[in-house]
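Right, I'll just put the structure down here and ask away after.
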Amino acid sequence: MIQAGIIGATGYAGEVLTWLLNNHPNVNLVFLASHSHGNSSFNSTYGNFTNVIENLCIDDNEVEDNLDNIDILFTALPSGKTFSIVKKAVEEKVKVIDLGADYRLKSAEVYKEWYNINHECKKLLKDAVYGLSEIYREKIKTSNLIANPGCYPTASSLALIPLLKNNLIDTSSIIIDAKSGVSGAGRKASTNNLFIECNDSIKAYGVASHRHTPEIEQTLTNEAKEKITLTFTPHLVPMNRGILSVCYSNLKKEIELNEVYDIYKKFYKNEPFIRIIDTLPETRWVKGSNYCDIAIRIDKRTNKIIVLSAIDNLMKGAASQAVQNMNIMYGLAEKTGIDLTPMFP
Amino acid sequence: MIQAGIIGATGYAGEVLTWLLNNHPNVNLVFLASHSHGNSSFNSTYGNFTNVIENLCIDDNEVEDNLDNIDILFTALPSGKTFSIVKKAVEEKVKVIDLGADYRLKSAEVYKEWYNINHECKKLLKDAVYGLSEIYREKIKTSNLIANPGCYPTASSLALIPLLKNNLIDTSSIIIDAKSGVSGAGRKASTNNLFIECNDSIKAYGVASHRHTPEIEQTLTNEAKEKITLTFTPHLVPMNRGILSVCYSNLKKEIELNEVYDIYKKFYKNEPFIRIIDTLPETRWVKGSNYCDIAIRIDKRTNKIIVLSAIDNLMKGAASQAVQNMNIMYGLAEKTGIDLTPMFP
Amino acid sequence: MIQAGIIGATGYAGEVLTWLLNNHPNVNLVFLASHSHGNSSFNSTYGNFTNVIENLCIDDNEVEDNLDNIDILFTALPSGKTFSIVKKAVEEKVKVIDLGADYRLKSAEVYKEWYNINHECKKLLKDAVYGLSEIYREKIKTSNLIANPGCYPTASSLALIPLLKNNLIDTSSIIIDAKSGVSGAGRKASTNNLFIECNDSIKAYGVASHRHTPEIEQTLTNEAKEKITLTFTPHLVPMNRGILSVCYSNLKKEIELNEVYDIYKKFYKNEPFIRIIDTLPETRWVKGSNYCDIAIRIDKRTNKIIVLSAIDNLMKGAASQAVQNMNIMYGLAEKTGIDLTPMFP
Amino acid sequence: MIQAGIIGATGYAGEVLTWLLNNHPNVNLVFLASHSHGNSSFNSTYGNFTNVIENLCIDDNEVEDNLDNIDILFTALPSGKTFSIVKKAVEEKVKVIDLGADYRLKSAEVYKEWYNINHECKKLLKDAVYGLSEIYREKIKTSNLIANPGCYPTASSLALIPLLKNNLIDTSSIIIDAKSGVSGAGRKASTNNLFIECNDSIKAYGVASHRHTPEIEQTLTNEAKEKITLTFTPHLVPMNRGILSVCYSNLKKEIELNEVYDIYKKFYKNEPFIRIIDTLPETRWVKGSNYCDIAIRIDKRTNKIIVLSAIDNLMKGAASQAVQNMNIMYGLAEKTGIDLTPMFP
């Protein structure tokens, strides 16, 4: 059994991760740690866990003393809060999967620019492996520190990489218009995220300035082998879970839709969690699962290609991809514990 | 392996049942039948099943020819549509679990009165066992025809039975005020159930005339060993899943809240799916699970006792209770395939 | 023109009140005051007011200095926060309509018991008139201090008073099961009211202990001329606005439904804002209006009468009833500024 | 008083139009006609109108006989259903405002191509004036047949026209990614629009093939004085009302954001219903009003300009723009009857 701990267990991603690891046949959950709900039982925060996990959460500060008891630590903390505990964990040979943003960007300068935080753990940046499971599986296998991808970057990168790998598009023309459920905003009490402020309304936010922009660009640049700069617009949609990412770009040359479909199907041929579908993706069809649904359309009138992808932001966009990465790191069957049919309605 | 078939698989309860049986370790799903979507692939109706179940649904009419291939038939059809197929199945020694209302009421007259349908299969009524698992487990074990309880009756009966068994209340004073998500209204295209007509609004419906009234009364009468008549008011709430049932009655004598809690905890002591909780139930904490959460309050000022229960209407209120009953019938561990932690958010 | 000021303008009731008074033909809005958003423009909090009201809100503390400029002050503050400003206003002959709870209960002891606040303005309690417009119109006309009713009490009292006035029910049997949209919980940042915590779920809260209980009892006791104690259960429903109140009681003697309807129609004959309807009330049909929709059902099987009422909690349950009361106080046509057709969808 | 009639009054746009015209000081509503609800009272379909409009709807077929009694006819019908009645009305000198699509496209061939309907009233196409009020006010003044714009085209055209008029963008680079509430899908009973199918999910639809594409292109081509072809992607969002349109294009040359803001503010200087705002638009801030909120962002890293606009799809996107056009046609103050502050929450 893999002995695992979670810091940030009472956030939304942490809760879903707890749900998954608690059901994982190869994992023993040693502790749940919470900054805001330390020393209260997990089910007093999340009533769904009554009769399931009634243990006390430990406080964040107690995690260091418990590193001896675990093989792997999952961190789901706000940006800039992981530096000391991750350093300590890595020193003590505890594997780490960080669901936050602190190890995703390879450049501490870019991190500073977009997050406005001085990176205090720079030397781990080059060791950290970006955990987009389908793309970086080989590196993940041998890594001790995984930077689990952001929700928007997961959906968007999986949608766009086949285009880039096949040199189909003008790389300067990429626009990503993405829509997220409100759980992406986290569990912090803020007026902006009240039911009344979100219900029955839609808004864009962080237009041309969202922190996931350099993360997507870094991945696409890696895959395209050329510098990619793009426009990214996130939106908040009145729903609990889900991201729909709609990716526009200009085709370099004429190509038929079925040829592009063939390219995608071939590219993701062996990937159980990527579904290349003919119909347009809807977030409801991936809810509660690790699937990423991808469809493609060509607008012949404007020579644009449109790739649409849908994920559950808390699953493939956070917790289940983290488990997928753990499975890869430990040589388990990759679907172990995350082979869930999406739950509808 | 238990060979199973489902008729009515493309309704909401049918879809959830398909989800459960497909993941059940002891079941092989032989066919899915649908009146409205026969001869189209299951995932073309429910996109969550892409890569999971892409088989064609057969038409309802083809079920009879396929009875040979199954051990158990689940029927999830509108009222009055099961008579011929259930008769045939029972004759052929196929076990049946009916998720509809046709075999719940022991009296064909009462059925006629509330459903306005002539019962064409009266002689099966006395063989049918009412599948409220926790209460009728012993009879279920040996039954070949289970009348799976309605969603409101499940939540309400589990809430009230301990009061009756312990002779705590005036049995003429029961009022049940229950609230359901819209999936309870089914998948039929009707203006009333359009998003715009349901969103951001609440209404009561079927006040003093809802068909689940005699079903609840029949169960409570059985358990109380005296004739019970009650007032039942269902509501439609703008949410996908969930029922909250609030049950009022007059206490016969003074009793402390903790004594009542003790009675409930004792009554449901060995029941893994009943959670007697101190906090008030919320439907989100049971979503996607077979749990029934129950809390109790006493209003000392009026001498009333209020029992509140929450279930997922499509799970404990339909599909997962059906599976629980199947497990009981086949002597499997009762939690097999339905031991799911509720999914939040 | 009536010169008016609002304290608590950036709460949800305050915002709706601002909307109404700004459109009222006989009112000039002199100031909006806000504790949390003083010195910021009103439309920076509520973007719907861009181009409409872009004035700065003043701070709560500045209200006292501005009493000279107004004829009437509307207070929409948390419980216990109005004592000094209302005392001052009344001394300076400024009329007051308080949308909060501080002057509703005639007894400071009952107030202390349910609100756990020492009432610091007891001598105003006997002067304050409870502003349930249809019932206390005559007293409102000459009052200088109106205690505007709570949202649940408005819906419930209007539903039940005709039964009591006509001596139709056993007054010890009243149960009110009421359901509210989330705006009733106010605009304070709290985890409980986040979109994710409220969406797609229903819960009861404050069972047998909600503060509106003694307020409803006080009104019904007044009207019945006998002491009434009742059971009240509020619920939170995932919608923005609306209250549905379902009121159960035992009939004293047999009566036909149409007779009861006649009684209600006669009782509310001259009331333009009370609609006695045959169909069951739905909150969507009253949204954005001052209407209270009432329907009646009799459960002959149990001899119970069920009265259902729907209001918009922010309108008839708060802001538009406050304007109705102002209209009455100033001898204006009662519908002035609030004669709004409900907005659907 | 303007004598007015509405066909299609029981659709969502028709209902909102009825709401507006019923409150309009210069309009007398002579009849409401409905295909599906003829000969039933209007408030039996829309309960918000109880006590307000309880007249019977007439049947569509009776409209012709009633043309004598009206000055203006509003048609809110499915595509292809207006040909005979509009022809008749125009012949009888009744002014027409069509809220549908039948007279928007100047070319019957383009109409045929996108709507797959043979236009049976071609000669009216050249007389019809496209009723984008702010842009075509002068032509509207003297027109007898207004083609009221679609919801997406209204939001998108108002957002983009200033860029084109000022020659700021590469006209071949336009992408419009728009999001609509479910009321845009109409009131027809269809499984796709059931609450359960729409709630808690987002999807794109009609990608690169939606019928509003040629309508937007026609308007932009007119204004740019060059042929414009663009990519348009609509989405369905789980909310009742609202459209958010996000319009991307490449800047021709460098320009500062404040310069672009100045251009927009100058362009819409005298327009009371266009609000050029610094913050990002949210549909909740325009709900229930005729406003179009517009904000601009520049992505310097990619040299793209992003214009975001929000409207209420049933108001500025349908009914209130129709009234605005009527006001213009009759020389009334343009805000008459539609000067509504958006309603929140």
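Order of writing sets the chain letters: A, B, C and D. Residues in each chain are counted from 1.
Keep this in mind: a contact is a pair of C-beta atoms (placed from the backbone, for glycine too) under 8 Å apart; a residue touches a chain by one contact, two chains touch by 3 or more.
Since this is a predicted model, take the numbers as computed values, not measurements.
Chemist: Please work out which of A-D and B-D is bridged by more C-beta pairs in contact, and write that pair.
Modeler: Most C-beta pairs in contact, of the two: A-D.
Chemist: Determine, using the mean of C-alpha atoms as each chain's centre, which chain is farthest from chain D.
Modeler: Farthest by centroid: B.
Chemist: Suppose each chain is reduced to the average of its Cα coordinates; what separation in Å results between chain A and chain D?
Modeler: 39
Chemist: Go ahead and note the Å separation of the Cα centroids belonging to chain A and chain B.
Modeler: 37
Chemist: Just give me the whole-number Å value for how far the CA centre of chain B lies from that of chain D.
Modeler: 46
Chemist: Could you list which residues of chain D touch at least two other chains?
Modeler: Chain D, residues with two or more chain partners: 12, 183, 196-197, 199-200, 238-241, 282, 284, 287, 345.
Chemist: Touching residues of chain A toward chain D in the complex: what are they?
Modeler: For this pair, the touching residues of chain A are 172, 175, 177, 179, 181, 196-197, 199-205, 207-208, 229-231, 233, 235, 237-242, 244, 246, 248, 280-284, 287, 297-302, 304, 306, 308, 345.
Chemist: Which bits of chain B are touching chain A when the two form their complex?
Modeler: Against chain A, the touching part of chain B is residues 12, 15, 19, 22-23, 46-52, 183, 199-200, 240-241, 272, 275, 277, 279, 282, 284-289, 291, 293, 314, 341-345.
Chemist: Which chain A residues qualify as touching chain C in the complex?
Modeler: 12, 182-183, 187, 189-191, 193-200, 238-240
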